[in-house]
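You will see two complexes here that share chain A, one where it goes with chain B and one where it goes with chain C.
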Partner chain A sequence: MYKIRNLSLSFDGHEAVRSASFDIPRGARLGLVGESGCGKSITALALLGMAPASARVSGSIEIDGQEMAAAPERLWRSYRARKVAMVFQEPLSALNPLKRVGDIIAEPMRLHLRLDRRAARARARDLLVEVGIPDPEARLDQYPHQLSGGQRQRVLIAAALSCDPQLLVADEPTTALDAHVAGRILDLLKRLSETRDMALVFISHDLEAVARVTEEMLVMYGGDIVERGPTAQLLADPRHPYTKGLIEARPRLDALTLRADGAPRPRLASIPGSVPALADLPKGCRFAGRCPIERPACAGLRPAVSVLGPGQRQVRCLAPLLPAKVPA
Partner chain B sequence: MPFLLRRLAGLVATLTGISLVVFAVMNVLPGDPALTILGLDSTEDARAALSAQLGLDQPVWARYLDWLGGILQSDFGTSYAYRVPVTELILERLPLTLTLGLLASILTIALATALGVFAAARHGKAGDWVTMILSQLGIAIPAFWLSILLVLLFAVTLRVLPSGGFPGWAEPLEALKSLVLPVTALVLVQASVLARVTRASVLEVAKLDYARTARALGLSPRRVMWGHVLPNALVPMVTVAGMQLAGLITGTIVIENVFFLPGLGRLMFQAINNRDLYTVQALVLLFASIVVIVNFLVDMIYLLIDPRLREGRS
Partner chain C sequence: MSVVLSLSGVSRAYPLPRRRLLGPRPMLQALSDASLTLSAGETLGIVGESGSGKSTLARLVMGFDRPDAGRITVLGQDINALPAPELRRLRAGFQMVFQDPFGSLDPRRPVGWSIAEPLLADPALDAPTRRKRVAEALEQVGLRPADGAKFPHQFSGGQRQRVAIARGIVTRPRLLVADEPVSALDVSMQGQILNLLSDLQAQMGLAMLFISHDLALVAHQCDRVAVMHRGRIVESGPVAQVFSHPRESYTRSLLARPETKSADNRELVNNTP
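After this line comes the complex of A and B, so read on.
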């Protein structure tokens, strides 16, 4: 359905996404993880033709056989909501505070599907039911500020689903929510993808969330997709040193419990240093400089993608880690 | 709606307060109306008699109550200078000023919105720059100087519009023609300010997430602008537009005098020169009331625009 080839996005000549290639088959659930600034959001926006105006886009984005990378805004507009939709991180600020919930959800349907007011409202009501909002009839006439955070995110999802897109892009949809509510939104996204046979690109910092929702994942660092594969396999057996660092650095319950003196325990492991600014990223492997197993060649030479084993696992590293467990 | 009642009560209280201040200020100003009316060569006795006739020998509080009681029956007293009821003077001149003010307000809002949205939509490009430079000029140029330039160009050089005066409403087309330059002078200044506010406010809102959400749902830039961005940019615009109305009133006084338009502004100017106490009092009260009432309307418009502000107020 989506075929992305050598997609690059650069600002002032610095590549924030460097020749990314991946497919999004129908109904697939794809996770996109990586530290802040690694290019997740701009990649996601590029899937809607909404990369920042200052970004230079090159490469190919094919949607159902149609080449879209250089497509005019007009064509993109007709694809948004109908082929691809997006939900954003901050559910309160992502909803127009002056519009009623019903109108927010109905607007794309009235525009793209040419539904009349009554039909659009009826469908908006059904969508609220589908995303699990109780008492939908009353909600239609409420304003975003009258809803809880979780309900706002559900409304945003309902608006995104309104024209039955084949792909939903969710950019850190639960970061602003508390853990319990976030978990239910994750389950909702997964269920919607299954029942609607709708592809999902799920962006998150949170590996647990990615594991809960997706089947396949891409790990990004400094604009490169450094590793990809089935989510469970990749988390259990990372082959790129960055992925491994990410997994080891994630907050765990034992890291969150307090020490006897009341202070939080220090994290056991974290990736040394921080992500350099776009202009300071190494020319070769982006991870050079922070990598624990770096070799002299790494900073100057961009590693090729190696395909691992029989599966769909790929890693962009000169010296990928060995399998965690020796295959029987 | 008790909230509305409370606001209305507040409005009445404010207006009463204004009437008190206006009356107090006008009655401590130097200058004896009897002297002004009768002239310097009048006798002491004649002036005393006139003062008594005008009620000026009464204590101040009695005169205030008398004046206030009159106002409630739309009697603003009698003009010393013209010897006719002030109400009559005002009603005679009101249509001209009202037309001038309303035309200027409507055109200011329309022009400022169009220019502000235009500039914001072309943020950083030539159209934006040109609009901003022109509006900067519009703000920097005093209205009366702009009026003179307009007169020189359109009345003296091109001879397409009258340089001043007002032919009366009997000939509507001529009447409107004589308002073109005054309205233009008023609008260019006010719209320059409001256009900049509009641009800034629209740019601010356009950065917000819901504008991006609307775009991600396939709405055209025009729909995003007029349906989502502009409504959210309205609150600061309405605030400034409300404040500008006060500027418009002082502007009207200046402009009416520059263009010799027999409206309330010109009446005000003449009444002050003539120490025409009741007329000045009535006009100051009227202008102040307009400002207060507009502020009240602005508050009501906020509630209309933003459901979050309506919360807990009804």
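After this line comes the complex of A and C, so read on.
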């Protein structure tokens, strides 16, 4: 239902997103993975028509057949909440501290669905139940500061769900939370996507979280989608050197059993250098300069997308890695 | 191996806001009866969730705050019994690296100034010696001495954390307290910084207190680990032992990777955090 074609976003002539193309089918769960500055958050904002005014947007964003890339704000406003809604990273700054939880959740329904106060409140109560908040009746009259971090994030999700969106965009929804609370929120997002047949775009730098929630993932670096495919396959068998570097950069808890007491600490893999500023990104492959398997042509030539296997996996690299020697 | 840091029976409580105007102030026991030792060349991980007392422990070890009870000994000296001038001299021996280098470096001064600041506590060091030590520290963390003239915003996140580490080691300390030293960094940078900490530790024989909520990082980086829960150290020991055979149910719950029970709505409702 979402069709994105050659979407580019540039600031002062520098492309922060370079001709991204992907689909978001109904009910799909898509991970958008990358580090800060890779273009994932701005891509997500563009999906809601909320790219910053200073960004030049080109390409096509089609929602249910309607071309929206150049659509006026008036049209976007009627789409937001009903077609697409967003959950932000930091619930305390996304929730109005002066409003009661019930009013925060009811506001979009009053505005977009024209519900009266009583009906909106009843729906808000149901939504709190749906996102797993105990004693919803009492919570409706509380303020955000009276809730724990996990509960705030649940309230934010409830508000996003209030007008039954077809697509929920969640930008790093758990970074502010403790690990086990974060895990529950991830499970909640996955469950909501399943029970509501709602598409989910899940943005994160955390590969474990992405593996837990999504079916398919896009890896972004320097504004390019460098690799995409089914999440499990891509994590088990990365073909882009950046994806591989990202996976290997995280120490694994289960590797611990291999290290005997007193044995020397192994070196952690890391990607050399750091992400260049937008203006300093190489013109060709964005990963040139940090890539371990770089060829002379890479910095000047933007690699085309190669399709691996039966069309599900794609990688943007001149010399993609060979398949890992592990049975799938 | 020589003991660099020891805590015995350390407790600290903080008053919370009054519930009613004239009511008693409730107390939060941020740290209860904590005991540990740390030797030269060793890394001790402190794990726990937010609010478990990790940062209170770090503040007390650094002498930023005083315990209500118990003794904290750094390099054989009880830091809360020392007169201020002597604590100042001892200060060169234990330094801290903070989570957010942007918050711990003065944005309006070149980083060389910030790195040199801990050296000012030692009046025996003159300006040329300080400059030399700053240049050495920058090289130790993989930057160039000329980088000392730059300002914090001119560095990338990973480089800024290198600057913060340079500031932490410029006094040639014996103990380094690192509070979430890589959690503000991108994943691809974390390895560089952790490897750097390992190298510095090997070169300088540093004892390191490594505070993190990230168990995988602690498993990688630390020799021993102490698990904190509600202000108490509930379990401690060699990392491999604690993480592969946790004795405490709390440790097990931290380590647990709960299977996704997407249909199990009831469990979510009852255990909502």
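Just so we're on the same page, the second predicted complex is superposed on the first by the 309 of 328 C-alpha atoms of A that agree within 3 Å, B and C clash if a C-alpha of one lies under 4 Å from a C-alpha of the other, contacts with A are read in each partner's own complex, and residues count from 1 in each chain.
In this section, a residue touches a chain if its C-beta (ideal position, glycine included) is under 8 Å from a C-beta of that chain, and two chains touch if they have at least 3 such contacts.
Please read all numbers here as calculations on a predicted model, not as lab measurements.
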Open item on the list: In the overlaid three-chain picture, which partner chain does A:A179 touch, first (chain B) or second (chain C), both, or neither?
Closed with: second
TODO: Please determine whether it is chain B or chain C that touches the greater number of chain A residues.
DONE: C
- [ ] Classify the contacts of A:L48 with the two partner chains as first (chain B alone), second (chain C alone), both, or neither.
- [x] first
Open item on the list: Once chain A of both complexes is superposed, is A:L111 in touch with chain B (first), chain C (second), both, or neither?
Closed with: first
Open item on the list: Quick check for you: in the superposed arrangement, does A:A81 touch first (chain B), second (chain C), both or neither?
Closed with: first
Open item on the list: Looking at A:R154, would you say it contacts chain B, chain C, both, or neither? Reply first, second, both or neither.
Closed with: second
Open item on the list: Considering only the contact definition stated at the top, list the common interface residues of chain A for chain B and chain C.
Closed with: none
Open item on the list: Going by the contact rule set out above, which residues of chain B touch chain A in the complex?
Closed with: 208-210, 212-220, 223, 227-228, 231-232, 305-308, 311
Task: Contact footprint of chain A on chain C as seen in their complex - done: 49-50, 156-159, 186-192, 194-195, 198, 213, 215-217, 219-221, 238-241, 243-244, 253-256, 258, 260-263, 265, 268-273
Task: chain A residues touching chain B - in the complex, by the definition given at the top - done: 48, 50, 77-82, 85-86, 88, 90, 93-99, 107-108, 111-112, 143, 145, 156, 159-160, 162-163
- [ ] Please give the residue numbers of chain A that touch chain C in the complex, ascending.
- [x] 35-36, 129, 132-134, 148-151, 154, 178-181, 183-184, 187-188, 190-191, 194, 205, 207, 212, 245-246, 249-253, 255-257, 259-261, 265-272, 274-275
